[in-house]
Each structure stands twice: as structure tokens, then as C-alpha cells.
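Both of the next two complexes hold chain A, though its partner changes from chain B to chain C.
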Partner chain A sequence: MTLWIAHLRRTPLLLFIVLYTIATGGPFVWVASMSVRTTPEIFANPYALPVHLHWNKFMDAWTTSNYGTYFWNSTIVVVTAVAAVTVIGAMAAHCLARYRFRGRRTVRFLILSGLVVPPQLLILSLFQILLDYRLYNSLTGLIIVYVATQLAMTVYILEGFFAQIPQDLFDAARMDGYSDFEIFWRITLPIGLAAIFTTVTLNFIILWNEFLYAVVLLTDDTKRTLPLGIMHFMGGHQLDVGMIATGLMIAILPVILLYAFFSETMIKGMTAGAVR
Partner chain B sequence: MMAPSKSTEIPAGWIRASLARARQACQNPVLVFLAPALLIYTGFIVYPVLRTFYNSVHVLRPHNILEFVGFRNFAELFRKDPVFWTSVRNTAIFSVVGTIADVAGGLLLALCLFAKVPLARAWRVVWFTPVLMSYVVVGIIWVWIYDYDWGVVNLVLHWLGLGALEHSWLGDPSTALWAVMVTHLWKWLGFNMIICLAALYALPGEVLGAAELDNCGWIAKLVYVIVPMLRPTLVNLLVLSFIGKMMIFDLVWIMTGGGPLWSTETVSTYVYKRAFDWNTFDLGYPSAIAVVWSIIILLFVVLMTRLLSQREKLEF
Partner chain C sequence: MAVVTVDQLSKRYEGSNELAVKDVVFTVDDGEFMVLLGPSGCGKSSVLRMIAGLEPITAGTVSIDGRVMNPVPAKDRDIAMVFQSYALYPHMDVYTNLAFGLRRRGVAREEIDRRVRGVAEKLGLTPFLGRKPHALSGGQRQRVALGRAIVRDPKVFLFDEPLSNLDAALRVTTRNELIKQQHELGTTTIYVTHDQVEAMTMGDRICIMNRGEVIQIGRPLEVYRRPADTFVARFLGNPPMNLLSGRLEGAGERPRLRFAEVAFELSGWSPAVLRSHLGREVTVGVRPEDLWEGPPPGLQSGMVRLPVHVITVEPLGAETLLLLLIGGGDEELIARVGRDTALKNGDLASIALDPSAVHLFDPATSKAITRAD
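Entry: the complex of A and B
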């Protein structure tokens, strides 16, 4: 009896939870259903469930609307940039955490100050600089910019973790005759794998979704990344809601699939920079 | 006729010495480990920042001609640019109201799940989903949600019998900024919720137990026990959220492009427009805006961290 009353008192709370869940998950379900419906069907009733599943819309988007190109551009840029920033950042973090050298504090301050540099302060002159270096409107240029902008956060997270590895391990390795690089490769990296995985997740999501640098630094249609491609398509086909939804779904699906399997890792990765 | 290059006159001893130094440097692990990071960082972060500062006191004419104008850009910005002040006003409203709503909302959501509801883990996974999505995806979906004819907002209002409230949410200058703010809130609430939830679970259980024994109502418990104890976390979230909103570009650009009638123009979208949309090809003036705004953001961050975390050490 008392239990029943306790439940009754909590009804508003549970109701709110269900409503908020619909508010956050609902839009994605809606887009998913629109992505397999044609535009006339959607305009007849935007909120009906799909009757016929028009999977061929995905084929259309992929080939005729260039989403295939956008998808591969995004994949190339993000995979390369994440790999590079992980290696470069891990090396720097290892160095800052393990070595005592002159100028260490200055270098550390310099790199970590990148955490608070607003993109506006970079974007205008990066445009000029990439033009000077002939890297403007190229995926290589965008990759380098991505590595540079994600470096501070990567070093910040990794250094915090690497610094906690007990010094004894390194002393023992040193006595066993490990070289400096071997110590990095065979001690820091394997032990710090969890932290590295965290930064990989974080950088992957941020860069997969990145818009501002890409929109300023790329112009060719063949070089557009996925967010730019969707915006471009949206600009040209404002009323073709069905196809835009299919395009959105192509961008959403990889993230959702990863999230379904690694939800805890991704939540941890995304929030890593915020917990101090 | 050019003067003979001096490189031919470098003594052999100097070359040998410098080669030796280079070889030594390769054996210096610190240099090897740091070199790639420092190179890329100097070339693509430090140099662009300095160049933006340099640009801000120049006017850039076509064919790469720079004309030094001193502080004229800044003077024009402060005295004769009403659009800049509109964008400052919008960004300020967006940042202050949005940040408070963001952190308060995140904390309330975390408390909902902290109250031992069934399936709490599943809810939190769903609530976090928007955080992972790009602004392009979120922006387009919400443009549809706000659509006058078939958007779900107007549909629900109509269905509730509140047809009078139906509105062109993004088309009306008086509601556009708030509509974008709600979307931004929707995207980021899950993030704050997760961090607050982690902090709640880390609270010592006996303190909350003691509050319950003292017959403390849940509002009192929230105000006098939970918020003070979560203070460091909340301050952190406030600063993070504030920085993000002061720099907001993507969502506004995608949903409204700064319109209608400058009503959602933020400082960042204005910088972008002046630099790339107005066909003036002058990067000097937008650089001046970026410099001013970045300094303001930095000042606020320092100020907020100082003021809010003063009483960090609590006595239990």
C-alpha cells in the first residue's frame, strides 16, 4: 500500500522523464522515418509512419546527390586528422609529463592556452595563410588545421593521465636499457590506452561534426565534407524535405551505430574535457 | 645587381659546429617528442593569432595590399557600427540566459535520474544523443520543427487549442533568438546532465542522509546542500557553457543566417559576413571585431572563475 502511494507521488516525475525522452529521441525517429519516405508522402502527412520503404532514396543520395563523395571526404579528413593529432599529442603529453627540462612550463602554458583561443581569432588569418601555402581548398589544409585546433585538448587530457603513471615503472624500464622512444612506445602508450581511446572518441565526434573551418577553407563541391554537403544540398533543394532527410540520416547513422555499441565510452569521451 | 649572398662566406668551422649541434638535437628526446606538436602549433595557432592582431590595425585591399590604419577599425567599430552593437546585444542575451538555463536544466535533469527512477541508465543514454549530433543536423531538424505550416510546435499548440499562439518562430524578429536558444539548449542539456549526475553520485551519502533525517524538504536540500557541494562542478559548467555561447556561429548560421532583421546576428556570424559575404575583401575590420570579442571573452572567463570559485573550500 505505502509502496503504491510512493509510486503515485512520483507520477509527475516519471511523466516528465517520458516526455523529455520523446523530446530528445523523437526528432531522430522522425527524421529516420522521413528518410525512407518520398517528399509528396511527407507533405501529405509529415508525421505518418512509412508505408513503403523507399530504400532507393539512399542510393540516389549517395550517387546523384554526391553524398558518397561528401561521406568519403569526411572519412578521409577525420581519420587522418584524428590519427595525427593522437600521435603528435601523445608524444607531446608524454614529454611534458615525464621530462624536466628548461622551458617546460612555458611550452606547457603555450600549448594549453590553445584551449581558450576562440576560432574567430584564427579563421580569418588561417584563410590567408592557407592561400599563401597553397593549402586553401584542399583536404590536406583542412586536416592540418584540424590537428592544430584539437592539439591543446588532446595534450591536456593525455598529460593529466600520463602524469599519474608511477615513476617507478619508467625507472625500471630505464634500468632494463629501454631507449627514450621505447619507453614511450612500450610503457606510456599501452598503459595510457584508455585515455588515448577517450581522446580519439572526443576528437572523432568533434571533427565529424565540424562546420566553421570547413565552410571557410573548402569551396569545391568535390571536396566538401558531410556537414557542408548537407548544407549545400539544403540550399539548392529547400523544398525537397524527403531527400534532405535522407542526407541527414547518412550523417546521423554512423554516429548512432557507434553510440548503440559504445554508448558509455562515447559519453565518457565527450565529457572528458569538462571534468577536472 | 644583387649583393653577393653571404652564405658562401660562412666559415667551415661554423658549419661543422652547427651540424654537431643538429646531431645532438636529434638525440635529445625532449626535442624529438615536442617538435611536431610545437611546429604545427606555432604555424597554425600562434602565427594566425598574431596575424589576426596584425590585420586588425590594417585595411586589406585587393592584390594583397595592406594599408596601416592604426586604431581606425576599432574606432569605427565602437562609434559607427550599429550592427556590431546589435550582435553584441544578441550574443550577450544568448550567453547569459542560455548559460543559466543550460546549467540549471542540466542539474534538474540529473536530479530526475538521481531520484532512483527505473531505467535511469537507458534514459540518460537517450538524453545524451543530441550532444553527439552536428549543428547542421540539429539545425535543419529544428528549422522543420519550427515550420509554420507543418512544424510540430505549431501542431501541438493547435492540438492543445492554443491556436492563437501559432507563430512563425524563426521568421519573427521577436522570437527568432529565443527559438535558436531553445534548440541550443536542447542540444547541450544532456552534456550538463551527465556531468552533474557524475558529481551527484560522487557526493558523500551521509550528508544527504543527514539532510533527510533533519526533515529537509527537497527544495531546501537542493539549495542548501546539493548546490553548495556541487559548486566546483557547476562553476566549471557555467564557464564552459558561457565560452561556447559567446562564440556561437554554426547553429545561428544554419537556422537563420543572422536574420530576420539582424535579430539573431551574433558577433561570430557578423565577423564571418564582413569577411566573406560582403565582398569587400577586407579582412582588417572583421579581424578587429574578432580581437575585441576574444579579449572580452577572456576577461569574462578570468572574472567568472575568480568570482564564482572564491568560496570553493566548504566546511562540512
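Entry: the complex of A and C
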């Protein structure tokens, strides 16, 4: 009887989980299915599972639709931006977590205030600044913008983690003769690797899918990143649903793979700052 | 040779109006084991950190072998420190933890290996050289922390409560190990602790601190037997010294001490000193072990008997603690008597006191009244 009641209590939760999974995962499964079906097959039966897997569609999308160029642009921009924001953010987080200096609170406030400012407020100013510095419509300009906008979150996550590293470790390293930078490089970074990995993964996911800054700050087709490329492709091929789905899969795949392999490390890194 | 001199050392932390350390003065001789003892927050760790160069100095100087160390960075002071938390680098194995400081100083690889393996052998760490700190027990980590200090071959060792994270049994064995290592190496050592047992057993001299100030410096037994004030008197000794109200009275050559409804002459005191406090209130200090249920042979004559009411009898196995009320009053007294006591809760009895073991303190200043002129 008790077992029945326990099952009964769990049923609403299970039902919710099933419905939520269908609602969030369903569209992805549908797009994945359409990505290996031809457009006529999709129009004949939009929700059917693929009978024949048309893998050649990926090659076609890559070569004939400029997806290769968009993918490469996204890779350059995102990898460079993530590397830069990780290095700069880790150094900033280390300083804020470890050192007491005049103006520390102001610096911290200024950096972390980036978390609450919505991108829509910044876009006009960024547009003008990039124009003034001749960085408009350039991958370099977009990289700089991405570093600036992701710095707040990176510093926020890393500062919390770095602050938990016992001060004694740094004192011991100082007495062993290591300089401040060497202490950052040899002590903070290796110990903070889980948190750093978390920020790398989060930043990669966010920037890979980033659309607003890219659509405003890039105009040349040869410089477009993937989200822009997909939008452009959708505009020109409104009826080619199959090819649109294939393009979407090309865009999503790196992020899915990254998350699939490293989600556990990411969650550990995110919660490490919360547990003492 | 390393003589450490601390002269008028003071420290004020940012945002505080109070000095955390006030005009601390002491010298640690070459090869000496000096213990800084005091309650939590008394400033002893701050003093240690200023000596190490980890904390900026507000005022005063720290010198090693006559050279003022104030402007010298921590890494150049030739000091090794063992931290309370051991401060082992968690991402490095034991070998790398031991070698880390030497690598930075450009010591040759073969020499590093020789020193690390030598110290590991000495401390029984050879089987653990490939392990990371999380795979070690508390005692093993403590030895790695000690080994990391020894391998540097410094002029001075600094220890910041290194045994406080160990259980009682391990603390005893590790304490003896530390003493043995220090004697073998002969390195000048400054050891911070709040544990009086560590201070009494390990130090050549102890420096007792309270509220940022040095209260007394001396050999352990000397400080125990002649405390400079009521704070030292109560801090050293477990159970702490009993402090009671008394009065010096009487005319003539030999004033008498009156307290606990008895009056008796004090032996071993300069009459001039006693006469200078005549008619005044004094604080009387009596150690629990100087109270006897029945006085031992050789001390029968001259003992004073105090009427007491037994409140609690606490048998500890090897001895018994008695919580007593003196006479009809409300002043409490703790006595440490033998394991075979006939006393029970509620008994009215008398306890013997050796008058020569009495301490006197000035109630206004809490300072000890010295026995001689």
C-alpha cells in the first residue's frame, strides 16, 4: 500500500518531466530528423521519421550555401573571444578575490554591473564606438565586443571560486619565492580549473548562438557568423525547409557535443562556488 | 646563526582604530625554541606574520642577525613557515610540494632530489612521494608541511598552530616529533599556539600575549610559578589558578593574610613588601594542586586549614577535582586531590593550604606583588 502511495506521489512529477522533455527536446529531435530528409519528403509528411538518411545534404550545405565560411567565422570569433575573456576574466577575478586595494569595490561594481545591463542598451553605443575606431563590420570588432560583454559573468563565477582557495596557499607560495603572476599561473589557475572550464563552456555556448551584436555589427556576407548565416539562408530559401534544418544542425552540433562531453564538469564548477 | 629581534612591533589593520599588536618586544636567541602563547585574537599570529613578511608592519622593526627585515620581501628573509592548515598545494604530489620552493630558487635538479628524498626519509614520507595531499591522513599532511620547511634549510622556522587540526593522540606524538626535529636541526624557531600544554612542553621560553601586548616572557616553569599578573596566572594551569579576595592586616613585624575566614602569616615574603600593602585588599592566588585533602609527609607543619563545603566531586581517574565553597561565603575554590578521596557532594570539610604557595596580586592593576623588595 505504501509503495502505491509513493508511486502515486511521484506521478505528477514524472508527468511534468515527460511533458517538459517533449516540449524542449521535441523541436530539436524534429529538426535533427528533418536535417537528413529531403524537402519533398518533409512536405509529404512533416513529422515522420527519416526512411533514408540523406547525409549528402550536410556536404551540400557546407559547400554550396557558404556554411563553411560562416562556420569558420564563428569558430575564429568565438574561440578567440572565449580565450581572451577567460585570460582577462581569470586575472581580474584573481585580483578581486585575493588583493585588497584602494578602489577595489568600485572596480568590482563596475565590472559586475555588466551582468544587469541588457544588450539592447549597449548596442547603439557599441555601434558608434566601433565606427569611430574603424572596427565596424570586422571580426576583430566583434571579438572585442564579445570579450567586453562576457567579462562580467566570467569574473562573477571565477571570483567566487578563487575566493575559496585558502589564503595560506598563496602565503606559502610567496614564502617559496613566487611572484604574484607566478602564483596566479601556478596556484590559482590549476586549482581553479573546474570553474575556468565552466566559464569556457558557458561562454562558448552563449557566444556561438549570439545574434544581436553580430547582426548589428557585421554586414558583409563573407564575415557573417553562423546565426547570421542561417538567418540569411532562411531568407533566401524560405521553402527549402530540409536545407534550413541541415544548416541548423551544423550550427547546433558543436555546442551539443561540447555540452554532452563536459556538462558534468560545468555543473561541478558552477556549484563549487556555492559550497563551503 | 639566527637571532630574531622584535622591537616595538605594532600593527593596525585597515579600518580599525585599535592596534592589534602594541609595542611587542622580544629576542629569540640562536637555536632557541620560543613559543608565543595567548588566547585567540591576542595578536600572536599577527606578530608571526609580520616576522614572516606576510603582513606589513605599522611600526617597529623585525631584525634577523642584526639586519632589519622591514623592507625585505618574505621570499628573501630565509624563513620557512608551517601553517595551521598546512597549505599543501592540492594539485601537486608530495614530491612536488617538497621541491616547489627549491625549484623557484634555482637549486640544481640533482640537489633538489637529494634534499627531498633525504627529508622524506627522515620524516617517513618516502612511500607517499607520489600521492596528492587529499590521499594523505592529517598526520601525514602535517609531516609534509614540516618537510617542506625543513628542505629549505632556512635560518628561522615559524610555526602557526600546526597541531591544532590533529586529534589529541596524534598531537602528542607529532609534538614530540617536532621537538626532536628542532633539536636535531638546531634552527631558531618561533611557534605560535593557544595550547598551554604545547607551550609548557615545547618551548625553551614562552612569551605570553594578551590583547596585542606581551604580558610576560620566561622559561615555562618560571612563568608558571611566578605569573606576572592574574591573566597569566589563570591562563597557565588546568584547572586555572583560584583567585580570591583577601586582605593584609596586623601590626608588628609580620603582617597576616586574611581570607576565607582564616588568617595566617605568609612565608617566603619580604616583610617590607607585605607592610607596604598593609590594610589593603589583595587578590589571593592559589593553584588547585597546592590544596590538599590531607597534607603529604614533610608538609605537615605550617599548613593552614580552610573550612570548605564540597559542591562537586569530579573523579578523573588519576586524580580528583573538587569544587568547593569556602566557609560560609560564596567564593568558589577548585582543588586537585588524589584519586582516592573520601569526600562526597555536600560534605563539610577542611582543605590544607601551604602558605608558601600563595600568590598575591594587586586588585587595581592585576599585577603580581613580588615577594622580594
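The rule is simple: the second predicted complex is superposed on the first by the 243 of 276 C-alpha atoms of A that agree within 3 Å, B and C clash if a C-alpha of one lies under 4 Å from a C-alpha of the other, contacts with A are read in each partner's own complex, and residues count from 1 in each chain.
As a convention for this text, contacts are C-beta pairs under 8 Å (C-beta built on N, C-alpha and C of every residue); 3 or more make two chains touch, one makes a residue touch a chain.
Predicted, not measured: the structure shown is a model, and the values here were computed from it.
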#### Entry: Which superposed partner A:Phe16 touches (first chain B, second chain C, both, neither)
first
### Touched partner set for A:Val145, first chain B, second chain C, both or neither
first
### Task
Scan A:Ile191 for contacts with chain B and chain C and give back first, second, both or neither.
second
#### Entry: When both partners are placed on the shared chain, which of chain B and chain C touches more of chain A
B
### Query
With the two structures laid over each other on chain A, which partner does A:Tyr178 touch: chain B (first), chain C (second), both, or neither?
second
### Task
Pick one for A:Met59: touches chain B only (first), chain C only (second), both, or neither.
neither
### Message
So in the superposed three-chain picture, is A:Leu121 touching just chain B, just chain C, both, or none of them (first/second/both/neither)?
### Response
first
#### Entry: Partner chain(s) touched by A:Ala44 [first = chain B, second = chain C, both, neither]
neither
### Message
Let me test your reading of the model: by the given contact rule, A:Ile88 touches which partner, first (chain B), second (chain C), both or neither?
### Response
first
#### Entry: Set of chain A residues, in rising order, touched by both chain B and chain C
none
### Summary
Listed in rising order, chain A residues that touch chain B in their complex are 10, 13-14, 16-17, 20-21, 23-25, 27-28, 30-31, 43, 46-47, 88-89, 91-92, 94-96, 99, 101, 107, 110-111, 114, 116-129, 144-145, 147-149, 151-152, 155, 180-181, 184, 205, 208-212, 216, 227, 230-231, 234, 241, 244, 248, 251-252, 255-256, 259, 263, 266-267, 270-271, 274-276
### Message
Using the touch definition from the top, list the residues of chain C that touch chain A in their complex.
### Response
14, 49, 52-54, 73-75, 79-81, 83-87, 89-91, 100-101, 104-105, 148
### Task
Within their complex, state which residues of chain B touch chain A.
29-30, 32-34, 36-38, 40-41, 43-49, 51-52, 55, 109, 112-113, 115, 117, 123-137, 140-142, 144-145, 150, 152, 155, 186, 190-191, 194-195, 198, 233, 236-237, 240, 243, 246-247, 249-250, 253-254, 267-268, 271-272, 275-276, 283, 286-287, 289-291, 293-294, 297-298, 301
## Note on the structure
As the complex stands, chain A meets chain C at residues 100, 166, 168-169, 171-178, 182, 187, 190-191
